[in-house]
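In the two assemblies presented below, chain A is common to both, partnered first by chain B and then by chain C.
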Partner chain A sequence: MAASYDQRLVLDSRLDEVSRAEKVVLEAVVACNFSDTDQFAIKLALEEALANAIKHGNESDEGKHVTLEFHVDERKLTITICDEGTGFDPQRVPDPTLDENIEKPYGRGVWLIKTYMNEVSYNDQGNCLTMVKFRTHATSSSGR
Partner chain B sequence: MAETESRLVVHQEGDVTVIEFLDRNILEESSIQQISDEMLELISKTDHPKLLINFENVDHLSSAALGTLIRANTKVTQKKGQLRLCNISSQIYEVFVITKLYKLFEIDKSVEEAVGKFK
Partner chain C sequence: MDPVEEFSVQIEPREDDIIVRLIGDATLTKGDYLQDTLWPIIEQKPKRVVIDLSRLIFVNSLGLGILLGFRKGLTRNSIPVAVAGTRDHILDVFQETRLIELFKIYDDVESALAASV
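Presenting the complex of A and B:
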């Protein structure tokens, strides 16, 4: 029978919680046969999304929590991450690849999430992010 | 008093300071902050720093790590030094391409190649 996992995690607003969440999600993703490349993308997007939720959403307030819910099967991974902050407008995040922003040492997290995941959406308030990664099929014989 | 263990391995290749990371994943903020502090201290010690950052052992890095590299590059440039990166895996190089940071950094294949390109 095909593997499928659903889980909900509640994280404290501490950055050391990020690795705990990543471990849970990546174990499920590996069990669903996602490739190394997919795992790299998922780990990166998770890191950025959770760090944003903890630092910018909840402003590292330990009285606030981040919830992470995910569903993964052998077709795709869907993750929703919500913080207790006031939210933000993702349209207003400047393009970090423009020449005027290239030397700024911040502002690349949202861009990386959008690039590495197949679908990214926010709720109206801007404090819940849903991202989807479709499993790519192995091309081990293609070589590079 | 207990000192925090360094997260960098540093050695000299002639007048080039080569930096390697202890962590395979440069993701977590606490370790990135320490890496940043250690790198900036190394840069501040020299007048015209020649720094080579070797990514041979690195599997993952986050935008916060990219921020640290940009800060190091800015500081090196201010001190009229040179910063080069090398041994970047194809997956991590893709991050530099996506963010267009490959335009900002000098990236070489190996330590030997990079060391030979310092002026």
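Presenting the complex of A and C:
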């Protein structure tokens, strides 16, 4: 029978919670035979999304939580991450790869999520992110 | 992915140069440690700095930002800096973010030093 996992996690607004969430998600994608390159991309997107939710969304307020729900099977991973903040407009985030931005030490998180995942969308309020990663086949030379 | 190795930074003075080795998994909680370890190197005023990433498994935007800040501090002090030994996944991040245009990247530390960074 094909592997398939669904899980919902509620995280405190602390950065040390990120590794707990990563461990759960990455164990599931490994069980579903995602490649090393896929795992790297998922871990990167997860770190960026959870860091944004904790630091910018919930402003590291430990009274607020971040929820993470995911479904993974041998075809794709879908993750939704929501914070309790007021949200933001992802369209207004500057492109960090423009000449005027590449030396800036910040502002790459949202862009990395978009680059390393296959589908990314936000709710209207901008405080819930859904991202999808399709499993690449082992014979593929490129993970993205 | 490769097995997770606890993140650490090793600093190796070599004559007038400094080799900085980033090892393991540079996750979100390692930012302060990375910053606090790199910054004093600028004050030591080495002749050159080579950042060895051959054992770096993972880096996120926080780590990239700290490396950019380190580069800026070195450049302000006219200290040349290069990167050596990036693994495929890390090199891909450098390419996608265009950081590859800011850092000279060599296959390994010896190549970087031989090239007179």
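Here, the second predicted complex is superposed on the first by the 139 of 144 C-alpha atoms of A that agree within 3 Å, B and C clash if a C-alpha of one lies under 4 Å from a C-alpha of the other, contacts with A are read in each partner's own complex, and residues count from 1 in each chain.
As a working rule, contacts are C-beta pairs under 8 Å (C-beta built on N, C-alpha and C of every residue); 3 or more make two chains touch, one makes a residue touch a chain.
Note that the structure is a prediction, hence the values are computed from the model and not measured.
**Q** Following the superposition defined at the top, how do chain B and chain C come out on chain A, clash or fit?
**A** Here the two partners, once superposed via chain A, clash with each other.
**Q** Could you look at A:T115 and tell me whether it touches chain B, chain C, both or neither (first, second, both, neither)?
**A** Both partners, chain B and chain C.
**Q** Does chain B (first) or chain C (second) touch A:L9, or do both, or does neither?
**A** Neither: A:L9 stays clear of chain B and chain C.
**Q** Quick check for you: in the superposed arrangement, does A:S19 touch first (chain B), second (chain C), both or neither?
**A** both
**Q** Looking at the overlay, what does A:A51 touch: chain B (first), chain C (second), both, or neither?
**A** Both partners, chain B and chain C.
**Q** Going by the contact definition given at the top, which residues of chain A touch chain B in one complex and chain C in the other?
**A** 15-16, 18-19, 37, 40, 43-44, 47-48, 51, 96-97, 102-109, 112, 115
**Q** Show which residues of chain A lie in contact with chain B when the two form their complex.
**A** By the definition above, chain A touches chain B via 15-16, 18-19, 37, 40, 43-44, 47-48, 51, 55, 96-97, 102-109, 111-112, 115, 144.
**Q** For the complex, which residues does chain B have touching chain A?
**A** Residue list for chain B touching chain A: 27-30, 60, 62-64, 66-68, 70-71, 73-74, 90-91, 95, 98-101, 103-104.
**Q** Report the residues of chain A in contact with chain C in the complex, numbered from low to high.
**A** Its residues touching chain C are 15-16, 18-19, 22, 26, 36-37, 39-40, 43-44, 47-48, 50-51, 96-97, 102-109, 112, 115.
**Q** Using the touch definition up top, name the residues of chain C that touch chain A in the complex.
**A** 1-2, 27-29, 58, 60-62, 64-66, 68-69, 72, 89, 93, 96-99, 101-102
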